[in-house]
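Here the chain labels run A, B, C and D in written order, and each chain numbers its own residues starting at 1.
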Amino acid sequence: MSYNLRLLISCPDRRGLIAAISSFVSLHDGNILSADQFVSDSGSFFMRLEIEGEGNGFGLAREEFGGAFAPLARRYGMDWRVTHTDRPKRMAVLVSKYDHCLIDLLWRWESRDLEAELPVVISNHDDLRSRVESYGIPYVHLPVTKGTKAEQEAKVLEVLGSHAVDLVVLARYMQILSPDFVAAYPERIINIHHSFLPAFVGAEPYRRAHERGVKMIGATAHYVTDELDAGQIIHQDVAHVTHRHGVGDLVRLGGEIERRVLARAVRWHLEDRVLVDGDRTVVFE
Amino acid sequence: MSYNLRLLISCPDRRGLIAAISSFVSLHDGNILSADQFVSDSGSFFMRLEIEGEGNGFGLAREEFGGAFAPLARRYGMDWRVTHTDRPKRMAVLVSKYDHCLIDLLWRWESRDLEAELPVVISNHDDLRSRVESYGIPYVHLPVTKGTKAEQEAKVLEVLGSHAVDLVVLARYMQILSPDFVAAYPERIINIHHSFLPAFVGAEPYRRAHERGVKMIGATAHYVTDELDAGQIIHQDVAHVTHRHGVGDLVRLGGEIERRVLARAVRWHLEDRVLVDGDRTVVFE
Amino acid sequence: MSYNLRLLISCPDRRGLIAAISSFVSLHDGNILSADQFVSDSGSFFMRLEIEGEGNGFGLAREEFGGAFAPLARRYGMDWRVTHTDRPKRMAVLVSKYDHCLIDLLWRWESRDLEAELPVVISNHDDLRSRVESYGIPYVHLPVTKGTKAEQEAKVLEVLGSHAVDLVVLARYMQILSPDFVAAYPERIINIHHSFLPAFVGAEPYRRAHERGVKMIGATAHYVTDELDAGQIIHQDVAHVTHRHGVGDLVRLGGEIERRVLARAVRWHLEDRVLVDGDRTVVFE
Amino acid sequence: MSYNLRLLISCPDRRGLIAAISSFVSLHDGNILSADQFVSDSGSFFMRLEIEGEGNGFGLAREEFGGAFAPLARRYGMDWRVTHTDRPKRMAVLVSKYDHCLIDLLWRWESRDLEAELPVVISNHDDLRSRVESYGIPYVHLPVTKGTKAEQEAKVLEVLGSHAVDLVVLARYMQILSPDFVAAYPERIINIHHSFLPAFVGAEPYRRAHERGVKMIGATAHYVTDELDAGQIIHQDVAHVTHRHGVGDLVRLGGEIERRVLARAVRWHLEDRVLVDGDRTVVFE
């Protein structure tokens, strides 16, 4: 079966890196479909290569690649990983009661706009069950109260594990995850925050945006870390508003931005376009 | 000589306000060129009327308007003011060393894109003198040090007063004004802050934006109040950035946003399109 | 039952119009919630008033308004209409095989983001039946071939008539309507064209945009008239693209613009915010 | 003296190209600062490399590069060129009476935002002389009438030649250049057209945009070819407008877009970021 490899590399920048990597591919008769690279101010090198796989002349079989590439990786001190386009990531969506981000993801998944499996949707409420099930996707209802948070998180993790999930998308989940939960999926939990971070960290950003009298509202998709709304930003977008927009209008308009920003961040993650550089991301669009 | 009147009103909302105001105009044979109104959530009514003046059939002479309108204004508890388009506001620009906002304002002023007199530019540095003087505008250099701040502000106020200035534009002036200075020009000092407020209040917003890894940068034009970067926002805009943009790139791209946002806010103020509603503005574009 | 009236007026501009109209409302103890007016270059006056209805003190009953307003309307030569917010418009959606605009409208309708009844979806294909029926909306399949176009249109009109439809939304319907069909719903058929009109009128705009090498793509929502893609434009939006975007990418990105632009135009129409001014629209946002 | 090389390549795509090119650089101890590549649908390969020059360890002297690279270029059938960052391009600006694009370019040139020499400004009118000369740049006035067009073009070409100009920027020059003139500077004349091409090719686009009732206006920077407004597009941008904007407002708002779009296209060209791909451009931002 035909597939492409995606090779993601980060390491200290050194003379000859691109030549070494591309020559390795060339040596094994690989065809580079796209190549993106970036050197940060602090001297880190980031690269994303998409290479045609075995069916198209590449001389290394899927299971051989790691062994062949390891010496080069060691020599340059690379952090690296390789993925295969015939094995899409398995994505779980966590929601609460707001449906706009969820519906958008479901539609994109159904129309194959997102290259992912979507084995399960998990929610602390039962409201969105029928909509999710109309897409043929299992819906797991795991309610949570203050006293049962640890217990509920354990159950969520169990469901995620049982479905072999690679990526957790918080589509307005409205719950703060514990450090233990976050540690189980490092750089693999994407949240949508309904403000233009770092403005309006925390609760009720639209109400606070209205009070402050801002003339634009926004949304931010970021990886989840231990600090609230402080994870690496993947994508942001905004829209103009005026004095005529009440809080309800901001919620409505903001919802459109949220779903668009979240979908794009998820798409980039699924296509292995996002590399983490400390507190920042490198996004090879 | 032909001119239009601009009537700005704010008062508690009441049934019949629009009828009362427009009937007053009609009674004196006035022609309404444009009418904008807004009622805030808290029940305040805001209105901007543009009416043709004497030369075009309006029955009230310039000096008669106040006496004729006062009883109506009293009855409805109006804050109001009237301006005349043949008497443009007198605007002073305060700058430091950055020239991009200044040059844009000079060009717009020269090309009559801004309806204002520009009697003076004041700076704490002498760098931009020749550029300003090439437009035929006096340039006053008033250096400032930590120890001479009060004294320098007094001199600035004196220059502003001697030029009968109505509007003070801080075009990247880089100095924080004292409460006394601010009190001398309430809702008549416009500042451009080089971030998307309320994100990155204070110094070096571009450096901090880069560290935080944001994917958009912005600028905010606001009235100056006693609290730093907390005045009523008039206009904001943003641009997308990527990991490829270093701090220097953000400064350069941000400069384009700053000059655009500032020019638009100044234009709206000069055309009496901005009314203050507590911590917010109503902008009748 | 409580409702608001929306009064839409267009007529030649004359001194005293706003006073006359607002005094009429005031005379009957009406409370004006919002008032927008515009005078075009050619001297036409357009107004939209939202007034609280009977339950909130307005002295004219629903059925009395026309009789009471007619003399004023006659005096000023007004085209006018009044609608009531407790009687939302009845909207039909016509689709072909593309689902993105349809799904967005369904979601907005279900979440009460659009103030409309949605009694029927009509399609020349049967593909989207189950998705539509999952929202509890009847789906009528009326296939069309070259030879049966007139016949099929007659059936569509019959279905629309039987559901007392006020607004026809072409959500990527992919069929050109005959002049007779258009005449049955003047200024009440909204189409989404997948280009930034007037660029790329007609078929395959994304392919042609790619060939021309444009750096932005767009979508246009407009009323349908007899001339292809030449009706009055209600809303347009665009997105940046680069050389990296193939035709397939343009289709995908364009789909996001299409659904956003169409939804906004439909919303404005449903809220009686759009007035036609010859070949142009006046949109009171 | 320290400089970087920029290597621009286009050729038919083949396996091993990136390895061959980067190995060539590596062989001569070159340090690649940035690398961008793109393969078009039609199988053309485009690459832009920025490499540190002699002062930073590159083993090939400036005059040696061509000889060393030629065999590789021949083998892959490359179109290629190399430029050096210590030799900025020489840019001439051609204007008519509108000053907004010119002033923006002058300011960017003076503030070293554009890496170019600006040896001369040429105009068919004398209006902008003093503004240009205030920047210390020679201003050449070459008036043109219908009957003297060929003669005037010859003089313009002579001035351009005498200043060894690399790039001709038409900053609202308002004259259509003859094919002979265009042939003298292939892919080296940039025009700003005041519409979102391909909409409103030709004269008076703002008036025609207003008549058509569009809800956005735009500007397009493109290389000049023999066909009017049909050259390869480098950059485009737009802004929203409403029914309230008359033709004069469109001209004013459009002017802001024009200067921004033109400046960015010029910047990209000066930094060797634009490659021509038939009727399209590849822009390595």
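What we mean here is this: a residue touches a chain if its C-beta (ideal position, glycine included) is under 8 Å from a C-beta of that chain, and two chains touch if they have at least 3 such contacts.
The UniProt protein names, listed by chain, are A, B, C, D = Formyltetrahydrofolate deformylase.
The shown structure was predicted, so the numbers you read here are calculated from the model rather than taken from an experiment.
Of all chains, the one whose CA centroid is most distant from that of chain A is B.
Chain pairs B-C and C-D differ in how many C-beta pairs they share in contact, with the greater number at C-D.
For the pair chain B and chain C, the distance between mean C-alpha positions equals 37 Å.
Work out the mean CA point of chain C and of chain D, and you get 42 Å between them. Residues of chain D in contact with two or more other chains: 38, 244, 285.
Chain contact summary for the complex, chain B toward chain A: residues 38, 40-41, 196-200, 211-216, 218, 232-238, 242-244, 246, 277, 279-283, 285.
Taken together, the chain A residues at the contact with chain C in this complex read 99-100, 103, 107, 111, 113, 134, 244, 252, 256, 260, 285. Those residues of chain B that touch chain C in the shared complex are 15-16, 18-20, 22-23, 25-26, 29-39, 57.
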